[in-house]
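Each of the next two complexes has chain A plus one more chain, namely chain B in the first and chain C in the second.
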Partner chain A sequence: MHLSTQEYIAGTAAVLAVWMCGLTQVRLALRGLAAQTALLAVATAALGLERHAPYELLLAAVVLVVKAGAIPAYLAWAAGRLDIRRDAGALLSPTLSMLAGLGLLATGFFLAPRFATPASGHAGMAGMALALVFSGMLLMLTRRLALSQLIGFLVMENGIFLYSLTQTAGMPMIVEMGVVFDVLVGVLVAGLVIFRLNRSFEHIDVTQLRGLRN
Partner chain B sequence: MSALADWPVVFALPALVILAGLTPRAARVLPQAAAALMLAQLLVVFNVCRPAFARAEGSVGDLGIGGLTAAFLIITTIVAAASFVQAAALLPAERADAPEQGITDRRLCFFYTLAGSFLAAMYAVLLSHNLGFMWISMEATTLLSAPLVYYHRTQRSLEAAWKYLLLCSVGIAFALFGTVLLVAAQHASGEGASLLFGRLIANGSALDPRLVRLGFVFCVLGYGAKAGLFPLHNWLPDAHSEAPAPASAMLSGGLLNCALVAIWRVAQVTQAAGQGHLVRQILVPAGAITVLAASLMLLRQSDLKRMWAYSSVEHVGLLALAIGVGSTPVFILHALNHSLVKVALFLLSGSIIHVYGTKSLPKLRGLLNVAPAWGIALFAGAFAIAGSPPFGTFLSEWLLLRDTFAAGEAVAGGAVILGLTVAFVAISIHASRVLFGAAPPSVLRRPREAWVAAPAALLLAGLVTGLALTPPAMRFLTMLALGGQP
Partner chain C sequence: MILQLMVNALVVPLLLMGVIRKAKALMQTRRGAPVWQPFYDIARLLKKGETISEKAGWVFVWAPRIGLVVALAAAILAPWSGAPLPPFGGATNYLLVLYLMALARFVAMLAAMDTGSAFGGLGASRDATISLLVEPVMVIGLGALALAAGSTDLSVIYSAPVNPVVAALVGVTLLIAALAELSRMPVDDPTTHLELTMVHEAMILENSGRNLALTEYAAALRTCVLLGLAAQTLLRAAPGFPLLSGGARYAVGLAALFAVGGLVAVAEGVLVRLKWRGIPSFLAYSAGLSLLAALLAVLKG
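Entry: the complex of A and B
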């Protein structure tokens, strides 16, 4: 089977997500996130060149600067300030979590034909997008720290972005930009809440937040 | 004139409130000024919406007002006006009476900036007839209202805000995936993808049914989490009970409706693609289970505001059922009735909690002795929210049950009747304990009876919607729902 450049790029992004499932070091996970998002920006730019769509190039630049640059940098800064190094994980050990990530990759490919559009000719891409969405959810479920859950959310969002990139003829640009803006503001607000959590509870371990259970 | 008098006007007064909130020096006059502005906003919104009552939803551009939008804009504005009026009384008093909470001028003013922006974001959700814009505005409502939940700066409110932010953002990510799937479903149509509601409806037959079905499921998961459909309701009681009362009222009476309108729009698109049976197969059981589950959880509540929050979950179930069986007029009517009564109850509960200094139900006793006017209002409100005649809620619930059985959904109808009965019992027990008995010695402050004004006005309106539901009123609702003269 011959793989196109874009499929290589998207495949690498999906493998990065599986790798991130097995990480305990927050700093490495953030680098994984930045690399993965940068790959998606490259894929967007490649597609823009192929389709001769200048807007896609603009989108690629915004994704590169905001989602691959500013957001991971902000989170890394927050992790430094809060002195967070490791997330031991809850529910599943990192090894098991990585294995589960591999399973989700396979599931993504298994489900891909249901999600792929016939026109795109990239059924495999839908599989990788789904794998990203699923691993993001897995990350959110199996992490202990509020910050890592945020990383999971961003991986999930990357999956949705990859799907819209490869399976649609392009979302309206203003909508894409609005989504990037919402994600940016969301991460900023969530970061502020994490600082408050740390100040108020002296930890950001979400499994230890149980004041509201009744 | 016509362009100026259209939808952008609804943002003018909220923008003033937002700007005024940015200057902490305005703290002394801002609560009263904001309340006055929001009362004026009622007139503005009504005047902007009036020409749109007969406009079909599908005929509107990216942003605009159709019949259903008009109805929900008016409901949201009523909710906001009542909440701001109550906030003008409650928030300064709270600040003066509880200096240990350390509420600064800046925080008080920032509350208004956030509340005004939150209101504007809700307007944007309703005005968006582009599913992409709708998604963006919906995420904005979460980001703007999460800090409102944290107004009191307690550990519990912080935890609630985090839970709300995270669960709703994840939920809404699903809705984004659903929206993208709806774009992908247009691969067969030659003229490029569009997210315009009217276009999607008009080209319904050209949509790929497989992807529309997936898109609908993901959107219901996403917006359903935001609306609090069981079992995605987990964050809702926390956020609604920890927020200050005016914010709780806006979350419960405004935001839940917005999420349901989003589900309604996606359901219309799904229907236009010939997949109406899926809408019914998903929303009818989801609604019925939500009603039943919420009513069971209502039985064992020990917190006044959590009780009303679970009751909101129950009513969200009823509204989802109304969308599922396709009776849009009842959807609008019940949303109006629920918002009127629930906002009254949240605002009243805020005052009660302020006076008693606790929201724990076992410690709230003898309200009729402590503050007779508040007691009577709570009595009426509890009666109304449990769906008793002659309040509007009774009629809209009755109409909903009629439509449910007429649609052949007898099992769901039975489950809802059971749920409503349990909820009635639960609310009666809890409310009567609050109302009767001797006042505990722990009552902190003297109640100010005038604070009952806004809740009482809302309850009166909730009574009028029940008494005035004549055939012409029903025809008007049908016109709002379907667009054009019936």
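Entry: the complex of A and C
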């Protein structure tokens, strides 16, 4: 399998997701998310040029502004307000979780050719997209703070976006745009929930929420 | 070719140590010793008398000699300078070279424990821990190149065409692993004066005279082999380098080796030593890069 330039760009995004699994600093993870989403926007624009689809260029611009700009900035602001700096991780230590993420990256690559897809070309992209989804899931599983789980959700969403973009003949523009703004509203609501959590319990550590049972 | 081997074995290693020390001194705005100071040091140590602990046995006397022979063998079998390898058939296998280096470390640890000094045992135990973490990294990293080339023979690995991304990833991996393996800055401070934080220095605390000269020379050879392999791998990511041959290739290879040495010195000037418990996460990054390179090499088929 020979990887194209777009696939290297998307692959760098997937590697950034794996790197984010090994981070303990929330601010650095947010920067990783912004860089990863920006790379996906670049890959989208490159695909748009290749397919002569101008609306994909527009989509890339919207992704760059909303998902790579506004959402990480909002989350960084929230982290600053709540005075969150480090997420020590739960279940797996960050180092081990990074190595596990690499394992998932390889798994994604070897699983991807088993799914039948309507679009031809860029077969490697399916592997990158699956790797993004898997690392997002791993981030959600192995993090302690509600904010980091939101970051994991966004990584997963990036993976689904990449898959739908590259493995289908192209979604209608209105659907793609709708998804982007759905994510924006979802993150805003989740941010409000995190503020509420912090006000009620004075922390946003999800491993301690089990105490609520009784 | 004999001349190149002689220069590689006798001149380059000590010169590299001198260059690293000089560059480090310049980083600290000192003038530093001349680059050929290590030659004087070795000559002086060879003339001096030796003090051997009365607890030490024959292992302590023989370990530096065995270590030097093993390091020389590794230096002859590994393509670290860009000079063509001697035609030893399958002996230029990458696993053989890696495990010769591991054997050199093993006898150094035995010698450190043999003197009965507390610091020797402490240094040896730390050295064993670090080598445990470094070994998979180097095996997988060079293994990725071997996969790409379809052979474990180093002379084939370093002449077959390779994906530049794989070469760059493996080069960085080898560089990080070499820093740990050679007890260099982010992992161990080679100029520390506190025995409790030393790794390599704590192990050679009891050596003196000829014994110390042999140990230092073997350490210089190992530095050359590991940094040279990293430099050669990084060079393969550069366009145009695979086309060079003969003298030009050798000259570029040596220049890259000294450049990497300078880089190590700069790293020692600007970095601080990691906490002991931070070393596994530092090496995990290098393990991650090597796994990534292996994945890319497998996908390319």
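The working rule: the second predicted complex is superposed on the first by the 205 of 214 C-alpha atoms of A that agree within 3 Å, B and C clash if a C-alpha of one lies under 4 Å from a C-alpha of the other, contacts with A are read in each partner's own complex, and residues count from 1 in each chain.
Going forward, contacts are C-beta pairs under 8 Å (C-beta built on N, C-alpha and C of every residue); 3 or more make two chains touch, one makes a residue touch a chain.
These numbers were taken from a predicted model, which means no experiment stands behind them.
**Q** Overlay done on chain A, so just call it for chain B and chain C: clash or fit.
**A** fit
**Q** With both complexes superposed on chain A, which partner does A:G22 reach: first (chain B), second (chain C), both or neither?
**A** Touch status of A:G22: second partner only.
**Q** More residues of chain A in touch with chain C or with chain B?
**A** B
**Q** Which holds for A:L105: it touches chain B only (first), chain C only (second), both, or neither?
**A** The second partner, chain C, only.
**Q** After the superposition, just quote the angle formed at chain A by chain B and chain C, using C-alpha centres and rounding to the nearest 10°.
**A** Here the answer is 150 degrees.
**Q** Which partner chains sit in contact with A:P172 here, chain B, chain C, both or neither? Use first/second/both/neither.
**A** first
**Q** Just checking: does A:R196 make contact with chain B only, chain C only, both, or neither of them? Give me first, second, both or neither.
**A** In the superposition, A:R196 touches chain B alone.
**Q** To be precise, I mean the smallest distance between any C-alpha of chain B and any C-alpha of chain C in the superposed model; what is it in Å?
**A** In the combined three-chain model, chain B comes within 23 Å of chain C at the C-alpha level.
**Q** Starting from the residues of chain A touching chain B, keep only those that also touch chain C in the other complex, and list them.
**A** none
**Q** With touch defined as at the start, can you tell me which chain A residues reach chain C in the complex?
**A** On the chain A side, the touching residues are 1-3, 8, 15, 18-19, 22, 94-95, 98-99, 102, 105-106, 109, 124.
**Q** For the complex, give me every residue of chain A touching chain B.
**A** For this pair, the touching residues of chain A are 114-115, 117-120, 133, 137, 140, 146, 149-150, 153, 156-157, 160, 163-164, 167-172, 174-175, 178-179, 181-182, 185-186, 189-190, 193-194, 196-197, 200-201, 206, 209, 211-212, 214.
**Q** For chain C, which residues are in contact with chain A within the complex?
**A** By the definition above, chain C touches chain A via 165, 280-281, 284-285, 287-288, 291-292, 295, 299-301.
**Q** Please name which positions on chain B make contact with chain A in the complex.
**A** Residues 130, 132-133, 135-136, 139-140, 142-143, 146-147, 150, 155-156, 158-163, 165-166, 169-170, 173, 176-177, 180-181, 183-188, 192-195, 208, 210-211, 214, 238, 242, 302-303, 306.
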